[in-house]
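What follows is a set of structures to go through.
What follows is a pair of complexes built around subunit A, which joins subunit B in one and subunit C in the other.
This part shows the complex of A and B:
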């Protein structure tokens, strides 16, 4: 085929061959834009409903926290305080052990978080990389404990901790009404083991093999290769455990009965009087309590997103 | 540097024999290629030598010493992985230094060794980068630098070029060969690419189904394939196999296929008639595409057929001819005048063909010219 033949055959492409009007292009673009917007409105409406359900109660706390108890029950109801007051906070700090509870909660949540990170990561690393006899069964058993409600093991855990409390030396650290007794039973979570194992399994196995051939021991592989790569996962698990522990109620309720070890959730509940409840003070205490965890979450939000993306991206 | 010896090495995964009784000796400084399709057991052999996988039975000796029961660490081997397995959170320097730091070498020694390895692989200016900031070819060099930095006794390479694009692959191939020449370290190289095997290996071990089918220098493996598997695996397009039968009538021999028959004259071809006598019966004739030629349909000799496809690849024209039960591929010069659907006769040089028995062995009737 010569060059002129090629051109002759292609002349057909220089002119439109079908009948239409330029306006049709714009009409089609408009139609698509509208249908896209309708879908967006639908999505945002649905999301808004969920946001209201999720955030509503917390927002609802704000108003009563700045009002006195009497105006809370005025009729017609006031949504915003006409005379905002910090009296509730003053009461909280002067007449309750709020600060003590807050310090206890911080120790409790931080302790649980640190211990949980260590135990969960070690267990997860073993489950993910070592094929010892019975590893499947053992992992299944660990997961199976997720199905047992906390309340069901409350009594055995209580009795166990009380028993350990009777032992020499170790009983000084782990007993009812000690930080050790509060922290330890909360610090091992099957969910954490499962989560970390999933993260570790997303790492290519070639990395361990290369490190093993490079002469690294298991500990060195864990420290130098796995842990640095798991940083986002560790942060996420840490925040997760911290927030859950910060808000946990049942175990601290039974394990720490004196004011020296009482945590915020239990403390706030104790403000509930037998005959009268000062709802303004309760609201103020609850509001103060959720502020630190909110800050922690906002601070590490970037990591949360990063970790949830991990594994979704190509290596 | 060390010799590697495998004796009756086997690896079973349940009922699957991934590696089945493999024995071979890889002399010090040799570049041996394990070649075969995926699942033939070549990577498993490499992993057993490295210690990442335990052998089910058999011996692995490196430098005259049994290593079966030694940890990977103690074997002093270096392995280059298909996906490079660089540590993503470490700089190139840290990656290359990792094996030395693990061995607790002095910081000054580490620096010196890393710089030397980096110079060898020309990655000196990349030392501060992270793996994600490197191209595929650069990552490959870093992986090689990490492998050579501690001067291992044996190099194991598991398809190290398969993640590179065609052009880079060819370039890296040459560089790997130059590197081997310079360092002289015993190298075992796994690939499924026969071009890599042909060009790089001092010897090739062709594997199938966990067994070594043939081991030898590339040219020998190409010219005298031991089995039909080797014959069809080596070469692109592969060797053509034509089903037929060897008959003998009154001291003369013929290769017969349908109405076609080819006289085999033992004396003029230097074949021992008694050997040929044993080959009488069904057999397959193997001919490489380059040893065929095409003639007109009214030619006096040749197998009649119809041209089915034409594949011009620039330097050659590959012609697929339907000859009844089989198809054969013929390599022609690119300017050859052949048309699809045309009737032709396929002729070939018996001196350069192979006769395979029904159990797929090369009977080696004809010695290659």
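This part shows the complex of A and C:
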């Protein structure tokens, strides 16, 4: 109840059917207001605690990233670096291939996103607007592979890529330790086909039927009529695929083992536990890696959230 | 476009010579269909080629190799059901499967409980809602590998923040990663931390679809908040809940990244999971037959769950309309 509502209720009190006198009524209203406020404070405190837990580990990385790893073990503990140092970053850039990994990650994630967007949109357009014998069966077959975990086909995919790598010409582009071999197997998820098909089916079919009757080629219809309407869906799918790909670990771990093609996740994890873990360098690398994503995220948060929802719901 | 029975005209009728005979009709229909197929092929080919080469073929090959020995290094040898017999008997795999099951059940239980609770709070108290949503979503931005690494600095026995604070308060430190069942529970905690924001947003969207009037009416009838929650909100969310549960199982049954970073399966295989087991057998121990059979087993489980989720969402959609 807002203040004005309370006042309105106060005026009703003139009528004798209420047993409350003015004083009791106000006391009751105050009691309710206080309990409401307590509940509100409780709710926001709880939410804040979870926010601290969510963001805290990343924020705390700043401390170990800017101090000597040895000082981590000092007693009494140091919360903030007493002698801030950029030694960890110097090590990261001089003695590891961090920059190379970052470039590889960009190439990998961009490549997968482009391949997925192009192939998925084309296939989705065919599945949504063309009826050919067996289109239902084929779509169901593709759809059935939607949830296949990378892990479950990791080894046979590895074998396939290695086999293709042995073929003439094509083997130069698709092999273990090539960008082609890294990118293509990561771009096969039918999720995008499914998402784009759902989206195209929401468009009025008169849109492309009319153009078809006028004799426009399918390619022209897709480019001139359907594609402009697909832009939001393409952005959502693009963000989703990019985020999933740059964060992936398992496939790049087995497909790209040399430094020329190694990606960030695999590279940074290789700092963990090689001989003695250099905790400071690990923290520095992790911090450096999440800062750019966080900045991009803060600018485009609405799209990000939409993308992750679209990916999970698929409905 | 479908070739049913062609429309017929009796001879002598004026449109008879404009009407196709049965065989002509069939031929034309076939031509139309094959033209449609040819058109579709151009659009489908780019996707179907990579899908076939890097998904369909590997799946088939994996199934085939699960009946063989070797195949990666050295010659392949057909061994029938041997690998599958091993799948049933192997004690390490059994432990990995048990760990995975425990992990999946506990993690989903905790994350769903917390997410529904927080979503209900956010739904009731809308002030600064966007800030909370964005902040809770934040852990999903970091790759699982990095997210797990951050937790080293929280739970490490020597310098983890939790232990540092615990020692300052006079404790002797909690061994989060070097002891069972602590290690598995720590991994549950890390994954709950990572997924929570997503499920909060998911359930928030669900809660916002609960009809306002229904809740208002129940309130007028004197139903208390908890009762309104269990009798109205939860039943409205129920179709969403089962679907979410299946999807969450599919995601979580693949747990690997944080295990690899935080414990690498240890201590004493206490955090070995199915995917971790497959990975080790395949690339460290070269016990490929068992690895392939386990992969196919995982594949089957996921396939069944996927079909179940399709069936469920189809069923649900039908009931709605």
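Keep this in mind: the second predicted complex is superposed on the first by the 214 of 315 C-alpha atoms of A that agree within 3 Å, B and C clash if a C-alpha of one lies under 4 Å from a C-alpha of the other, contacts with A are read in each partner's own complex, and residues count from 1 in each chain.
Operating definition for what follows: a contact is a pair of C-beta atoms (placed from the backbone, for glycine too) under 8 Å apart; a residue touches a chain by one contact, two chains touch by 3 or more.
Being a predicted model, the structure only gives us computed values, none of them experimental.
Undergrad: Between subunit B and subunit C, which makes contact with more of the residues in subunit A?
TA: C
Undergrad: In the overlay, answer first, second, both or neither for which of subunit B and subunit C A:204 touches.
TA: A:204 contacts subunit B only, not subunit C.
Undergrad: Check the residue A:160 against both partner chains and state whether it touches subunit B (first), subunit C (second), both, or neither.
TA: The answer is second: A:160 touches subunit C but not subunit B.
Undergrad: Let me test your reading of the model: by the given contact rule, A:119 touches which partner, first (subunit B), second (subunit C), both or neither?
TA: In the superposition, A:119 touches subunit C alone.
Undergrad: Looking at A:137, would you say it contacts subunit B, subunit C, both, or neither? Reply first, second, both or neither.
TA: Touch partners of A:137: none, neither subunit B nor subunit C.
Undergrad: Given the touch rule stated above, what does A:304 touch, subunit B (first), subunit C (second), both, or neither?
TA: second
Undergrad: Per the definitions at the top, what is the overlap between the subunit A residues touching subunit B and those touching subunit C?
TA: Shared contact residues on subunit A (touching subunit B in one complex, subunit C in the other): 315.
Undergrad: Give every residue of subunit C touching subunit A within the complex, in rising order.
TA: 1, 33, 36-37, 39-40, 42-44, 46-48, 50-51, 53-59, 61-62, 65, 71-72, 114, 118, 121-122, 124-125, 127-128, 132-147, 149-154, 158-159, 161, 164, 168, 193, 196-198, 201-202, 205, 247, 250, 253-254, 256-257, 260-261, 264, 275, 278-279, 282-283, 288, 291-292, 295-296, 298-299, 302-303, 305-307, 310, 313
Undergrad: What part of subunit B is in contact with subunit A in the complex they form?
TA: Interface residues on subunit B, with respect to subunit A: 50-52, 71-73, 77-79, 81-85, 87-89, 98-99, 102-103, 146.
Undergrad: List the residues on subunit A that touch subunit C in their complex, please.
TA: 40, 43-44, 46-47, 50-51, 53-55, 57-58, 60-61, 64, 72-73, 76-77, 115, 118-120, 122-123, 125-127, 130-133, 135, 138, 142-157, 159-161, 164, 184-185, 187-188, 190, 193, 218, 222, 243, 246-250, 254, 264-265, 268-269, 272-273, 279, 282-283, 286, 289-290, 293-294, 297-298, 301, 304-305, 308-309, 312-313, 315
Undergrad: Considering only the defined contacts, which subunit A positions touch subunit B in the complex?
TA: Its residues touching subunit B are 204, 206-207, 209-216, 220, 224-225, 228-229, 315.
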